[in-house]
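As structure tokens, here come the structures.
Each of the two complexes below includes subunit A, the first together with subunit B, the second together with subunit C.
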Partner chain A sequence: MPRFSLPSRQKRSFELLWPGLLSLVLIGTVLGLAFSGLFSQITDLNPLRFLNNSYLWRLTAFTFFQAIVSTALATLLAIPVARALSRRPQLPGRRLFLQLSSLSLIVPTIVGVFGIIAVHGRQGWVNQILGFFNSETNSYLYGLTGILIAHVFFNAPLLTRIFLETLESLPREYWRSTAQLGLSDRDIFRLIEWPGLRKILPASCGLVFLLCFTSFIIVLTLGGGPSTNTLEVAIYQALRFDFDIPKAATLAMTQLVFCFSILLLGRKFIRRMPLSQTEERQIRRFDADKPCAKIIDTLALLLMALLVLPPLLATVWKAITPRFFTTLSESRLWDAALTSLAVSLSAGMLSLLLALGLALTLRSLYLPSRLGGESYAGILSATLDFSGSLILLLPPFVLATGLFITLKNSSGLSLLAPLLVVTINALMALPFVLRLLAPAFEAAAQKSDLLCNSLDIRGLNRLRLIDWPQNRKSVGLALGLAVALSTGDLSVIALFGTQDFATLPLYMYQKMGSYRFEDAAVVAFVLCLQSLGLFIVIERLVSGKTIRPFSRTQHQTSERVSHGI
Partner chain B sequence: MVSEHKDRPSQPISRTGLILDQVKFSYGNDNSPLTFNLVVAPGELVAITGPSGVGKSTLLNLISGFETPLSGELRFNSDDLLPLPPAQRPVTTLFQEHNLFAHLTVEDNIGLGLHPGLRLSLSDHREIQAALASVSLEGLNKRYPAELSGGQRQRVALARCLVRHRPILLLDEPFSALDPALREEMLSLVRSLHDENSLLTLMVTHLPSDAEKIADRVVQL
Partner chain C sequence: MILRTALTAFTAATLTLGLSLNASAEEKSTEGKKILTVYTYDSFAAEWGAGPKVEEAFEGVCDCDLKFVAIDSSVGLLSRLKLEGAESPADVVLGLDTNLTAEAAATGLFAPSNLDQGKLSLPVTWSDSHFVPFDYGYFAFVYDSEKLTTVPDSLDQLINDNPDLKIIIQDPRSATPGLGLMLWIQQVYGEKAADAWKKLSPKIVTITKGWGEAYGLFLDGEADMVLSYTTSPAYHIIAEEKHQYKAAIFDEGHYLQVEVAGQLKNASEPELAQEFLNFIGSEAFQSQIPTGNWMYPVIDLGEKLPGTFNELARPTKSLLYSPEDVQSHRQIWIDSWLSAVER
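Our next item is the complex of A and B:
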């Protein structure tokens, strides 16, 4: 059919749909390749085989066990800390804590693990203090304790932020009413705060549970032995050390089945995740001065501080070493830094493009003035949205395993490895990027869509004149975050990394593996610098702000729209 | 009887009722502090009007203890209110919105006025029924605030104010969000509850018509 005879409505629908469909097809292709690889290696799909396999059984049981305990501990710590912060808006250091807790997404996991080892390890600060008092020093870190410490270290601040945001979203009149009615501390928690928190508890705890369930670096470095292995680490070992692809595929499928069941149980996963500082709402609560409130709050804050602060301090402290400049002058460090730069920038861009496609089409599907009224709008928007968050369920190794199996014969491995690392890193950042972009695009379109329609501004013109100026702040934040996440990632690269193809986190892990902790401390320093630096520079450049990393004034408007993931 | 912003009470009158004497308050910015002088006799229903930003709500917040003044005296029947926390002041407040906790039923929301831990006796439950009847909402015990209209929600909040048996009732633009007919109805309800329970009532409103409709006296801030 010649183009001009197409009905304009169909043509217009296509114009609005193709970006999202293209992203969907790309994501679908990657997933399809991965799954065809996995299925080709599983000869026996009999579920009873799983029940008979005691190794798999123990592995799964421990994976569940550590994830449940980690989530429970993080939640139990986060709730009292969030309460304390909520009723003490003037607390010194409050702002710093909140900034640090959103940084925990950007600070590479391996760096956090390094700090934990520096504090809790055999020669760590805790044992040094114990030794000073002639107490018996012991090594308690490696094994379940270490895994739990690290999981709580990373997730309790994240949960605290989510809980705090929930508490702060309660109307100001609530606190006035509770004060006037004379509710006790216990009653305020039981009758007011808990019902509020309970609503977001399944989603936020579900997210943390998944993060712990699929956690890799932490279990790999702190796990300590076969008895404390998780599925994720077992997949890695099967691939990296045993070259046992069928075993890895079986493990990956097991992992996948459980992750999907968790999703089906939890259904709605958290749509909002606090990333950067939100505006500070000065809500005065009247229950801060009661004695029991003071005691509980002090204890909670102290516990959180003891958990979170020493590893961070240790990371900085350990970098100041005589070997600082020697390590800095190693050429392999700079090779790794450059590789990291290339990988993270490519992955970040890819992730951003995929998310942009999804977000552009998603917004058209939501707006009644565009495609919102079409019969397929609901299903298609749900599909697009889900495809963006799918990677939260698919552990990177599962994908990597599948892709590796499918592609291993098709081309040289030297080219394949970077390609896989970039692709999977991009997919790993996608849920975060999409959660930043989609709401911002929707909000902006709602404001200007009718006007654009009436002036017939569309296609590239609309992108250039309307969408870009309206959304560049969220785009900057999203790209900065994606690049920072990829910079710090140590998952797929651990599988495919070689001497010649190593990123900074892998290089650091290799240093730690050969017990060169002084060197590792310097690498950690460079890695943090690179990750944070890239985040700040990209965010400012793309957002069109002048680069002033430590000014804090200009942030407000963009993040109010888009601070949620 | 004094309403002026800056001057002292013109006549030292009886020691009963609510007295604000040179109560100064500042939000901590550079603006000069607000000063409040006001005497309200027991049984009086006073409407407070004035342009926005003049401190109408601040006045109520000072009386109920949600804000702390820089200086001045706040007395009720010769008791000094300033050292008391909000819960121990002889005051109950009706806000413009969010008076009710959205996750609690009507019954529980009112019950909180009787026992702050919701441990309610049989007679408490009877009192809740009576309070609901007095605002003409019998039978809505198990509803949630979201299932009520705006006017009904404010009635439930009024019922909670009643079961607390506090002598001072503060209303902070309580019906501004309601349509005119409903507002009129609510105003006469307030007037009759005020009379039945012999309350001392202060109502902040930005509508002069509301003020004139039910108030014994209108204070222009």
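Our next item is the complex of A and C:
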């Protein structure tokens, strides 16, 4: 390698570090403003005043308990489903199944919860079917069961996607060997699939654990009462009802400490987590034909389908009311849809930009050929990675309140509210976006660094010619997911929405607050369609499903580069 | 393509810009007129609520622009005010209830109302120097008379009879009806309130954060009864022509919710705010309450009260703690409620 063509070490480090540092500074500024706002309201802070409360500790214990059980159940379901899908690439309806189950990832929580109630509630479909056969109907939903059903509904599809991606990335030769050696189903799992899954299990389960730990709408609606609340609920109540900022801050810090320890435990593995879209490529799995495998796979797929699909169907079903067309013709509905569109696109873009900065620098810090050997690499990569997940540990309404206190004097609410909602929604989508982008960018860099160095492709050229074609798939998925997630969010807009600034979820909630439940069901339906539509359109547009003749050569080159040929 | 991403970014930016311009354009169109800013909860300000008609009526007499700022709940109203403090842009806050007024008054942000409140027609005598009532209602359990045939006549029956009965209530820590029920049981049972809650607890399907979730669950058939208002059936009769929903009237009496408005000390338009508080007691305002907010008006509307409201079952006895009592005991009662219903 011609040494003279390389820039000086400092210049090179700076070039690799600035995108991540810029993102870090932006995130840090937002957090700094929020915390300074919160702490400006605290005159005497005595954490023991709040922590010396037995209800709080029972609450914390329950939060841990339900999060662990939820994560375990979601994982136990996701593994067999991912196995079934990975060894049956030709299964009819496989693609549709994958697309539909990713819906539960992006439907707004409140809509999903009402879908679950329509299926599992006292008058739900399950009980109606039981009643048809003269069985005794019963109420099993409210309480721990409801929380678990909902958490598995929302998280098992996410885990399935991650696991499926991992299983499909295993070398194809493995499967030929297993057939030659005549390995049993158990041995294949023990010797091949499990070691593959184990690498990503801590990180992906860590994410789901945090999502369940900080669960809010689900536990409030399905929990049945105060004994099944989470810490997040206690923080909300401290902040909103008691307006006790010191208490809310103390509880938020407690939650942060707990979750941070969990993150630290799983951190070693977190960057290894691929969450990118499943490629529909052919793998012949000889073990798929065994009768035992067929039974297990059918059971797993059926269970997943029965859990995930009916609540989604119920959402559509509930929207078919006499009020359908009346509600659709309301101009405020479309105003709200437009506001949602603007908010979600802005939040999605902001989230993507922040994640891009972090991912670009993270990959340099991980790769030994770049900055991986530097003394600061470990701690800096941990900081960058942690900053991307921070929002999962801090309740968004605490963040929003802090920001509001700091910024309230600087501008009117009509300008401030959209800004706050966009910023916080962007931060809320960041953990997902970062987990999609970081592994993809890292893998791409490993494959093309040598080539780029020898051709001296750097900076913007590198981004445009090499990184973009290689990573546009994950970028598209990430942006689509971020926009879809922001479309359905209610937590921040509920605090700062006004009459002139209402998104679809808030509009739905307002309908629910004044007896108009049929209308609310229609709005929920529109909300789901918009969320799904944006997800599909953005992913298609950015990922570029169709290859135009003009870009074919470039695409093929990048394909070859990415496969290391 | 980079081009497409740029395009998406551009669209997003344009839309956001358009949105904020829209907001500022609305402010501009009213230039020259005085603006009265009223904070209220969102179902009051919603296009189907009482707000828009009240706005029209008031603007007809005041030569000003009335602007509602809608906040998610009455609890949210108070916390927004506390957040904004003395710099709050609000002139008037409309939508607190008597359980919150002592706390609201304690912030020192409210000005005395200076109004003669003698002509009010409320189930209780009203004397509050700061807050003006604008509507009231009784908390009650609502049921579907086509599904539930044995309806409890009293709180006592609700608590002790029919073990299969299922109810949905709201959390007193986050919803005013939930707080209302807690005070209701507290007033009827006194020191035995915790025992009453323990006995009631198995009948509670779930305790929701807000009124909307609870009522939605009830309409979906998730419970036999839901904590709401005696006036809830009026909505179903007038707006949907459904007659099966009824409120159960209890012998012990019903806890009352009186909703109030108050003027802020630092209001930028104090005269206009005073005018609005005065307007609240007028027929023009009050006639929007029954079918806009689905509550009882605070003056006798005579013929103007929709007939349905006269046909509704009405409690004979009303219960209400003084705001100061609520403020000083709320935390203790909530803690004992928590330990009683925690299973």
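Please note the rule applied: the second predicted complex is superposed on the first by the 317 of 565 C-alpha atoms of A that agree within 3 Å, B and C clash if a C-alpha of one lies under 4 Å from a C-alpha of the other, contacts with A are read in each partner's own complex, and residues count from 1 in each chain.
Basically, contacts are C-beta pairs under 8 Å (C-beta built on N, C-alpha and C of every residue); 3 or more make two chains touch, one makes a residue touch a chain.
Please read these numbers as outputs of a predicted model, since none were measured by experiment.
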Q. Of the partners subunit B and subunit C, which touch A:Leu22 in the superposed model: first, second, both, neither?
A. neither
(Q) After the superposition on A, what does A:Ile405 contact: first (subunit B), second (subunit C), both or neither? (A) second
Q. Just subunit B (first), just subunit C (second), both, or neither: which does A:Val542 touch?
A. second
Q: Figure out whether A:Pro418 sits in contact with subunit B (first) or subunit C (second), or with both, or with neither.
A: second
Q: Tell me which partner A:Arg122 touches in the superposition: subunit B (first), subunit C (second), both or neither.
A: second
Q) Taking the superposition as given, does A:Leu220 touch the first partner, subunit B, the second, subunit C, both, or neither? A) second
Q) In the superposed arrangement, which partner chain does A:Ile192 touch: subunit B (first), subunit C (second), both, or neither? A) first
Q: Please work out whether A:Leu91 is in contact with subunit B alone, subunit C alone, both, or neither, and reply first, second, both or neither.
A: neither
Q: Considering only the touch criterion stated at the top, classify A:Ile296 as touching first (subunit B), second (subunit C), both, or neither.
A: neither
**Q.** Broader residue contact with subunit A after superposition on the shared chain, subunit B or subunit C
**A.** C
Q: Name the residues of subunit A shared by its contacts with subunit B and its contacts with subunit C.
A: none
Q | Interfacial residue positions of subunit A with respect to subunit B in the complex | A | 171-174, 176-184, 186-187, 190-192, 195-196, 284, 286
Q.
Quick check on the complex: what are the subunit C residues that touch subunit A?
A. 1-2, 4-5, 8-9, 11-13, 15-16, 18-20, 22-24, 26-27, 42-43, 45-49, 68-72, 75-76, 78-79, 82-84, 87, 89, 166, 171, 173-174, 201, 204-213, 215-217, 219-223, 232, 235-236, 239, 294, 335, 338-339, 341-343
Q. Where on subunit B is subunit A touching in the complex?
A. 64-66, 85-89, 91-93, 95, 97-99, 101, 103-104, 112-113, 116-118, 164
Q | Residue ranges of subunit A in contact with subunit C within the complex | A | 55, 58, 114, 117-118, 121-123, 139, 142, 220-227, 236-237, 239-243, 332, 338-339, 341-343, 345-346, 348-349, 401, 404-405, 408-409, 412-415, 418, 422, 464, 468, 475, 479, 494-495, 497-501, 509-510, 512-517, 520, 538, 541-542, 544
